[in-house]
Structure formats: C-alpha cells, structure tokens
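In the two assemblies presented below, subunit A is common to both, partnered first by subunit B and then by subunit C.
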Partner chain A sequence: MKGFFRALGGNLPGNLRRGLRPGVADGGNSAASRLRRSFVYHLHPLRITRRALRVSTTLGLGVVSLTAFLILSVTGVLLMIYYQPGTGEAYASMQDIQYAVALGSFVRALHRWAAYAMLVSVLLHLLRVASMGAYRGRELNWLVGLGLGACVLGLAFTGYLLPWDQRSYWAVRVSANMLDSVPFLGGAIKSMMLGGQSVGQSALLRFYMLHVALLPAGMLALVAVHLWRIRRDGGLAGAPKEGEDSELLPAWPHLVLREALLMLWVLVILAAVAALVSAPLGVPVDVHVPANPEKAPWYFLWAQELVSYSAPLGAFVIPALLLAGLVGLPFLDRENVGVGRWFGTPACRLAVLFSALAAIAALGLFEVFYMRAGPGAFFKALGTVWPDVVNPGTGMIVMALLAALTAGIATGSTRAAFLSGLVVMLVMLLGFTLIGACRGPNWVFYWPWEGWPSVV
Partner chain B sequence: MGKKDKAKEKGAVSSRRDFLALAGNVGVCACGLAAAGLGARLAVPELCDGPPHKFPVGPAADFISGTLTWIRDREIFVVHDGDGFGAFSSRCTHLGCTVRRSTEGFYCPCHGASYDSQGRVTTGPARKDLPWYLTWVGSDGRVWVDTDRVADCGSKSANPEGSAARDDEES
Partner chain C sequence: MLFDLAKDTRRLRVGLLAGALFLLLVLAWVGLRAARTEWRGTQAAFFDLTGDARHATEILQNKNCTGQMERCTTCHLGARRRDLMGVQVPKVFRAHSRSMLGHLERGTGCGTCHGGTGRALDSKLAHAMPGGRLRDPLLGQPYIQASCARCHLPGAREGMQRLVAGAEIYLRLGCLICHPLNVGGRGSWDFGTDLRAPGRKSLAYLRMSLIDPAANFPGSTMPSFKNYFADDPESLTDVLVFLLSLEIENAGNCPGQDKRITGVDNPCADCHAGAAGRASGRFVHKCVYIVEHKNMLTCAACHPRQIPEPGPGGGHCPVIDRQRPNCAVCHETNEGSRPG
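== the complex of A and B ==
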C-alpha cells in the first residue's frame, strides 16, 4: 500500500506530491507529519485507540454512508447529462438512460442501490450512536446528524418523483396531500413544494431543483461540519474499560487504510449489485387513474400503512413525536455511565430486550385479531371520529410510552427509558412496513403465499 | 484579563467591544434569516396554473338519464336522472387518489376507503364525503360545473335551465 501511494505521487511536482502523498514531506517522515501535511488525512486525529479501530465499536456505518453519498454524487451528475425535468420529456429521457445510453442502466442502477444503501446505513448509524449514548458531550453533532438524516429522507423523496412513472407520480400526489394534515404550515409547505395545488410541471421542476441542488448542497455543508465536529469532540465517545488496552496507535496507517478499504468494499459490492440487478422503471404515468394497489417505496411503507389508519397520525403526529424525541434526547440524558457501550449498562440492555420482545408479541396479537377481522370491520365498529384516536398507530405510541416509563422506573436511567421506547417504535414500524408490503388490491391484507385476486 | 473574567462571572456584557461583537453576530444572523425568508417567499407561487374551476363537461344531450359519467380530465362524476344534473368529485377525500366504482358505490384503491352511491363515506380512512359541486345546463345546451361552489350531497339542477348560476357561465 505504501508503494502504491509512492507510485501515485512519484512524478508529480513537489507541492502537489506533498499534498497527495502522506509521507513525503519537507520535515521528517513520521506518521504525524503524514497526517499534518495531507489534505485527505487532515480530518483524522494523529493517534487513535485500539477500541476505536475495532469493527464492533462503530461497524463503520459513518464511512459507509459517506461512501454512498460520494457514489450518489458522481452517478447523479452522470444521470443529469441525459435526464430532462419536463412532464413530457422526463419518462422518455429515463427510457433513453435505461435502454439506449451506453452504461446508462448501470449508472442508474448504481444510483438506486447506493441510495438504498445510504438510507439503511444512515438509519443504522443513528441507532448505533443512540444505543451507545454516544451523543453525550456531542449535542451539536447529534443535531447536525439529524439534519443529515432529514436531507437523506428529502433526497429519497424528491428523487422518487423524477422518473415520472406511474408509481412515482401517485406516491408524490398522495404524500403532498398528507401535508394537508400538518397544522399551520402544511398548506404553505405544500404550495411551495408543488408550485401550485397539484403535481404538475412546476412540482417536477421544484423536486428536481431540490434533488440536484439545494439538498445536496445542504448535505455537503452538514457533512463537512459533521466530520469536523468528530475531531473537535475528541473522536469516539466512551473511555476505555478498566484493564482494556489504552495504547494509542498512529491513525496512519491503522485507521486511514481501514477506512479506504471499507470504502472500496462498499463501492465494489454496490457496483456488483448494480451490474447484476438493474433498477426498475415503472409504466408510464396516468395522472388520473392510480394502479390498484399503489404502493409507496419500501422505506415509506410504514408511513403509508399508518395513514391508511389515520392521515393526521401517519402524516404528522408520529413523525413529529419521533423527531421531538430524537432532538431532545441528548439534552434529557445526562448520564455518563455506559457511554460508548452497546445499549449502555446491563440493566439498560435487559430493558431494551424486554421492550423489543413485548413489541413483537403485541404485533403478533394485532396481526391475529385485527388483520383477521379486516380493516373494514375495524372502521365500521368505530365510526368516523374514533379511528383517529384508537388505531394501531396510537397503540404503538401508548406502548412506547409504557415501555419507556417501565424501563425508566425499573432502571432509574433516562437512556434506558428512551431506548426502550425507541425500540418499541422501531419494531412496530418495521412490522407496519411488513404489513404494508403484504397489502394487495383495495389495500386488503394478503399473506405472501396468497395470490392477489385480479381486479379491473 | 481579570476585568474580563469578572464581567464573565457576572454574566453581563460589560465592554463596548463585547457589546458590538454581540450586536454584530445578532445582526448577521438576522440578515441571514431575513434572506432565507425572502428566498422562501419567492417559492410561494403567485400565479395559479391549471384548468379553470368553472367548465363545461359536454352537451346535455350526451348524458343519458339514469347514468353516471366519469369526466376523466376533471376528475369528477356527472350524474343525470329525473331530477336533473349533478356532479361530485372522484378524488378520495383521504389522500386524493381517484376512486373507482364498486357494487355498493365507490372505493379507493390506495388505502381502502369506500363510499356509497351518493359519495358518502361508508368505511375506511376517509373522514369526509365526496364533495358535490354546483351544476347547471347553460344556454349553450352544455352541462356546466363549478368546482369552487360546493353543493349539498345529491343536489341536482332542474332540467334543463333551472339554475340561478347560469348567468355567469360565460368565462
């Protein structure tokens, strides 16, 4: 590897060589000077603990997310060469990319799979930091991370409309109407987002602007702050355990090469998947007739399932509760015990485990009673007002609060309380995603082994 | 230094320099927020695109009595029976998908809401009935609908020229 970098800068003029090659410097050849003089490595601390290097400490999820973002930027720019954001041209230009342009379907597939990888890795990254209490003393960076998470969701949502096929049009038309349930600001956000009251040319152009300019720019700025704060906040959270090896190793090559290797692996795996599985392009849009069923993309299926119980609940109450909880978390949890350990203390681990099991059991019961009776019977039994108050979504909130309360009283720890509530929400939302995936025509539940009836 | 520390202990802004620095920071932040607000204002559409809200849906003679016709481009149903013409929305009041006809009335394929033959909610996540609109037969012999004027459920205009609204049909 050393040879590779030497070869890289071998014939370059001095200044450039010093910038690229982390060893060749005016003064000395120490690890420290490599890091100090190189742009690529200036983000890293000089020395790092053994614990920080272990895979199980972070699972490298931040690096995976960053790599996905870089892949998305490059493939996104390539797609912009052919894509045209017009209601008449968009779908045709997607067909060009998919079927005519050299490497077009590969680049599009890579963009799609990298986007999915980023959604998953960003979510897991958030859960990793939350479960370790690693936001302690890093309140600002936790908020910056939440901002990044919002950007990722925004990019996924805006990018979904761009192919202008049947699924993407109806998904956005339905989501835009969800904003009507957001109090005060919903209507204004909707008309700003769509440039009118319906999803048409103005909406497509605005989504395009958000997807290729505003959100990536915001994301780039936040990524820069996020990475800078990691160093400012003293690296990874958590002191070494007693008796644990507290020896410091130079970041070059121990950390830097591991990161480079992980980035390469992410690229190789995503490229292999993109080469084998191309991204689907739906049927041309019919702006007046939705398909039956019209399903949201998998990462928003939970929201679709929730709005099918109650629009205000899925569109506003649950997202707002989750956001408020996540923003408030580092300011409510002031405990230093167990920081940097998976699920903190043994008591906390136990509380989280019990909450997860309770949530799975509740989901199973719900599956047996509610789904067997069918949502029609549920709505009939409750009339038209009560379904907004009594439904599986509010059941989830009540259960999360109960789990948080129980865990908080049993362990006396805010973090255990929060993590227990969060794990209940996660298990339930995953359950709603699976139930949403099983929805067939007319939004009726069918088991995966049952066939869907043909509908006209 | 000692003076500054004391000031900090009191938590007060003591020196002119501190005050000016604070005022500068607040000013820059305020300007940034104002600029962001103006940028957001630009994104609020002033012009309303899309088709007019008052429109003809076809010659009255084309609608056979006792039938329900879906006007695709306008996303409304037009009914014609002995009482005259009526029109109501085909957009589900839950999240705006187009409803389809069923044996009992209408259902929405997106989240399973269903309505009776008059567009009243029977089950599902929708909370409101499908809205009816003011409908009349104009002097040009065409059926007109105004989607800005909501009518009572099942209301129909007398056949053929019984509506007070017909004088403002020229648009």
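== the complex of A and C ==
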C-alpha cells in the first residue's frame, strides 16, 4: 500500500496530513517549517504582533464576511438541487423547498440571513478600513475590496429575484426602472440585465446565471487576490503604538484559532437565527398588480427614497458620487499619520464626530420641512425643475461638501475632510433607508406606530 | 504585561469546544423539529383511529386538473373514504360530502374549488392563500360557489343559486356601467376598477367596497350600496359570491366544463346564455339607474355604437363609449379621480 502511494506522488498521506494539520511535526523541526508547508496557514505570517490579536483592531469583520460567503456557498449549492429558474416553476419549487423538502426551510433561512449578515459585515469592513486609513500603500487591495463589495451587492440583488414572489418581482422591477434615469448607458444596461425591457423569463435566467455562476466565480477570484494582497502588503496596516508591547507571537495557534473561533460562532449564531426565523416567501407574482407601497430591497431603500425626491439624483448622481469618492480615496489621501488608528488623529476624530452630529440634525430639519410640510406645496411656486435641484438628496451633497471643507480647513488633513464627508453621506443614507422603511401606501410617510390604511 | 501563551491557547480551545457544542445543539434541535412535523402526527392519529395497517409515514401528493401540485391528502386521509361517511371522526379525517365526491374521483383535486396553498404541509399555511394570507381562508359554503364558475356557467348546474342570484343583483344595481367586466374580451374599462383584473382582493375588502367604498380608497367616486344591503344581508353574500367568482381564473383543462358560447373569457355570455344557451339582453335593463332615467335616455346616450341584431352570430355586445363615461353626459364627475 505504501508503495502505491509512493508511486502516486511521494508520501501522499503524509503530505495531506501536513497540509491540513500544522500541529504535526515534520521530523522534529520548527513551527516555521510546519507553517510553510501548510495550505491553510500560508495566509498568515509565522509571527504576528499582539495588536493583530486584539478585537478592537479590526473587529474581525473580514473573517465574518468570509464566513458568510462560505455558508452562502454551501447553502446555495443545496438550494440549487431543488430550485428551478423558470417563471412557471420557480415559485412552486420555492414552495417545495419551504414546505416539503427535509430541512429545506432551514437551509433557505440560513442562506437568507447569511446574505444579510454578509451585506452588513462587508459595509462595516469597508468603513473600518476607511476610518483607519488602512488603504494607505494598499491601493490595489482597496480597489479589489470595492470590487468584492460590488459582487456582494450584485449577488444580493440577483438573489432577491429568484423566489419569484410578488415582493421580489416588484422590488427588482422598481430597481431596474431606476436605471432609466442613468444617462447614456442606463437603457443599455437595463436591457442587457433583463434580456429585454421587462422582468420576465430571460431576466430570471440571467439573474440565476449571475447569482450561481458568474458573480460567485468573480467573488472567489477576488477573495483570493484580496487575502494574498494582505500578506504581500505586510499584514494589518499601521505600526504598533509607541511604547506598546512589540513582542511577536506565533500565528499558530493564537491568530488561527481566534479566526476559527469567530467563524464557528458566526455559524452558530446564524444557524440559531435561521432555526428561529424562517425566510419570508410572499404571494405568487402578479405582473399586473403591484403591492402598494412597492419597495426595493432594504439595502437599496435609500436609493428608492432619493428617487422619490428626484429620479436622476437617486439613481445616478449620488451612487456615482459615492463610488467616485471611494475609488479616489486612497489616491487623494497621501497622509501617513494615524494609519491603523480608529479615525486617525484626535483632531480627525473630533471632525468626524461633529459631522455625524450635524448630519443627524440636518436630517431632522430636512424631513420636518420637506416631508411633513409637504414638498408639493413648497415647489408649486418654484416651478417643476426645482424639485430635482432642491431636495433632501442635494441637501445631503451640500452638507457633505461643507463638512469636508470645514474639516479639511480646520484640521489641515485630507483624510479628515474625506471621512467627514463620508460620514455625513452615510448617516444621511441610513436615515433615508429608515424613512424609506416607514413609507406606507402611495409612498406616504407613517411612523412605525401608525397603522397603514388598507389598500389591498 | 506579558502575553500568557499557554493560557491563551487554553481559552481558545474552550471557546471552540463551546461553539461546537452550541452548533450541535442548534442542529439537533432543527433536526428533531424536522422529524416531528405536524403531518406525521396527523397520519399516526388516522391509523390509530381507523385501525388500518400502518405503513411508513409519507408525503402524499398529486396534481389536480389545473396542473397544481397538492399535498392535502397527506393529512386529509379520509376525504375519499366512503366507509367513513356518517361516522363521527375529527374534522381533518372527515369524508367529503357525497354530492361532490364525484369531482374528487375525477381528479379535480382540492384547491381547484377550495383554494389554499396545496403544496404546504403545515395546516396553517396550507389553509391560507399563498404567502400565508389568512384573511382569505379556504373557501367553504356559501363562497365556494364562486369556484363553480371556473368550469360551469352560472345556473347550468345545481348548487349555484347564490352565484346566479349575485350575478342578477350585479346587473340590477348597474354595477356593469362602471365595471363592465371586459365585455367582449376588450381591454379594461377606464372608469371603475376592472373586477376581472388579476390580483385577488380579500372578502373583507370586497364587502367594504360595497358598503363604504371610500374606506378602501379615499376619494372613491363609487356610490355606497349600504342601504340596499341593509334590508337584505343575504343578497350581500350573493354579490360577494359573484364578485369572488370574477377573480378566480378559469380552470385550464379540467374535464366536464360547460361550453361557453363566445369564448372562455366572456362573462356576458355566462349570464345572457343562462340555461337556455341563447344570448339575450334581458338582464341589462333591469339596472335601477336606467329604469329611473328611461324617460330621459335614448339607447344611443349610453351605446353610441350600433346595437347588433340579437341572436347567434350577432356580433359584439353593445358597447358603452369608453372615452366618455356615460354618467358624465348629465352629471358632473370629478375628472382625474379614478377609483382604483
């Protein structure tokens, strides 16, 4: 038997064992040689700083995202066994998964909640990196990360259509129609995405292809590059604080087991949530009658809320501004001070705090004047072009620019300026998401404790 | 402070162990729950009750004549058991009433008449409309008569009295003026909501629409029929049966359907044909508004197009001018406010 394996490629069982289990000594040599030979542990340097072990350094958000991606891959493959991407069969196959397949509703719920966990953790991961200026000297990996973020949004969006229930169909129809407001390319992107002008069989098939093949493959490739670049760029960004214990610790087991622990508990929590709360499956698609209100998926609600103020603004101007700002961030910020610290320097921290408070106050003011008083009466006197120019969305841009300018002048730091602007945008977009969630029939605002009038 | 390597390793291992234990617990709970589903208990109870030889518990499913998969008989094991007729058993095991048992045996299935979510195995979900909308429960008497219209002409078979009565009231009250039911297969009427449009409304909503339309749709111009139904609540139920029948689709290729004279989707033909199988205009001018106004109105006021000769092959039904809601000829209406 041993001869067979030797003929096959050297000492295969031994190679396998060493490849997966670094604890196995190889002829009594050092930890270094073990790690160098191992597949799982080539991701980490042999020795890491104590700072890398601290929870507050990264909050483990990258590991949480990766775990969610792994859970999604496994549950997604399981769901593919039963799901049928046809307009006639999709909903029925979802019902089968939900009602009749053993553990089907659990796997589906796990897939849904892991997707939401990934959306949230990826956003927080981006914010963590931005707030620490950890993109300094890592421009490529920042861009790869943005590509991953786009993949995550794309996966969430394409997956939303697949149940083919009333909610998913109309959410995608609403989102696809937002593309009409994108100048020049909007129409082309929309027809390429839907395979026509409306959400039908070809749209479902394309979304399915994107969701199970193209986007996961792209994501896998980008994840590999992302992780590899972290190592190439020298691990976590930022030097140890002065006076901080700069003692180096072995990555095994202190870092590796920490990551395993985090992954395990993410799985435990998501599994518990999935066991308690099953994923919703709405009424079957009715292409003639939309529900009222018809909402985009929650992670695009801010865009829909902005579109309700002004279509080109919400569908194009603000997303494009956000994207341009994020892409340009590492190329414009050339400062090395405060890298690897939450919100950089104390001055920067103060600027961000003030910006956030100002954004909250502004949000309240906008909404009191614009929403409660009724924009219609306000703009009737100004003419029809004004709502596109004067509304809470443009107010947000002005606020962000003001915050960036003020912070930039006060602190003399580009990063403080950028972070202040970004924080204003994020706080207000979060506000718009909440407001969008409170929209009732005919897109009228209702407080959560107010009932909606019956419209069905 | 020095980093205690051994202590840290120990703590990590304990955390991993605890996580693994919790994961096992959650998965065990999920597995147990999956193994103890409601329908398994129901099947066991049925075999205990009837003394049938127990066989392995299994999901029973079949396609009904509309092509929908149903799993109702997984629990309703007694539905087709003639030997259980007249025997006191729990409701879930009761045999189906004799009059409709023939339907069941010809493959009509359950959901074709009763609605519900046939694919679901949980009783709450199965007895609700898809998506778990419980306000539209399974159709029972008298509303189940609405389902008869999926295959049969009103009045063509026994047991459809309420549907026929509802259709007559619909015409008598003049509902057809604003809600013309896509007469002749044309596009939807501009003035009132197209009642045949897909998109199921709940019974409660339909009832409210008749009694207080503005409660459902603020600014609705539809008159309230509260007073009419106050004297005769039974007739309200009749109209609801008829309205419900409009929203339920025709039942595909089910066997034993009555022949319709001008095509499957022409509700005019359903009523005008009646049992006689001939078109006639007798119902339309029972409409109270037209009777009230008959001294002022000529036919052309409402039907500007030429009225076709009655009889077979007489062309289209007389059509009301869509561009000009007929009431607006005399009454000022609030243009721009369209209910629905």
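Convention: the second predicted complex is superposed on the first by the 430 of 456 C-alpha atoms of A that agree within 3 Å, B and C clash if a C-alpha of one lies under 4 Å from a C-alpha of the other, contacts with A are read in each partner's own complex, and residues count from 1 in each chain.
Quick note on the criterion: a contact is a pair of C-beta atoms (placed from the backbone, for glycine too) under 8 Å apart; a residue touches a chain by one contact, two chains touch by 3 or more.
Source: prediction; values computed, not measured.
Once chain A of one complex is fitted onto chain A of the other, the partner contacts of A:268 are limited to subunit C, with no touch recorded for subunit B. In the superposed model, A:444 makes contact with subunit B only, not with subunit C. Of the two partner chains, subunit B and subunit C are each touched by A:289.
When the shared chain is aligned, no partner comes close enough to touch A:405: not subunit B, not subunit C. Legend: residue contacts after superposition of the two complexes on their common chain; A:332 is shown touching neither subunit B nor subunit C.
In the superposition on chain A, A:257 contacts subunit C only, with no contact to subunit B. Contacts of A:307 after superposition on the shared chain: subunit B is touched, whereas subunit C is not. Common to the subunit B-facing and subunit C-facing surfaces of subunit A are residues 288-289, 455.
Those residues of subunit A that touch subunit C in the complex are listed here as 50, 91-92, 95-96, 98-100, 102-103, 106, 165-166, 245, 247, 249-250, 253-254, 257-258, 260-261, 264-265, 267-268, 271-272, 275, 281-284, 286, 288-289, 453-456.
Against subunit B, the residues of subunit A that register as touching in their complex are 170, 173-174, 176-178, 188, 191-192, 195-198, 200-202, 206, 288-294, 304, 307-311, 375-376, 379-380, 384-385, 387-388, 441-444, 455.
Across the complex, subunit A is touched by residues 40, 43-45, 48-50, 72-73, 75, 94-98, 100, 107-112, 114, 121, 123-125, 127 of subunit B.
Partner subunit A is touched in their complex by these residues of subunit C: 1-3, 5, 8-9, 12-13, 15-16, 19-20, 22-23, 26-27, 29-31, 33-34, 59, 61, 69, 71, 117, 119-122, 125, 129-131, 133, 197-199, 201-202, 205, 208, 215-218.
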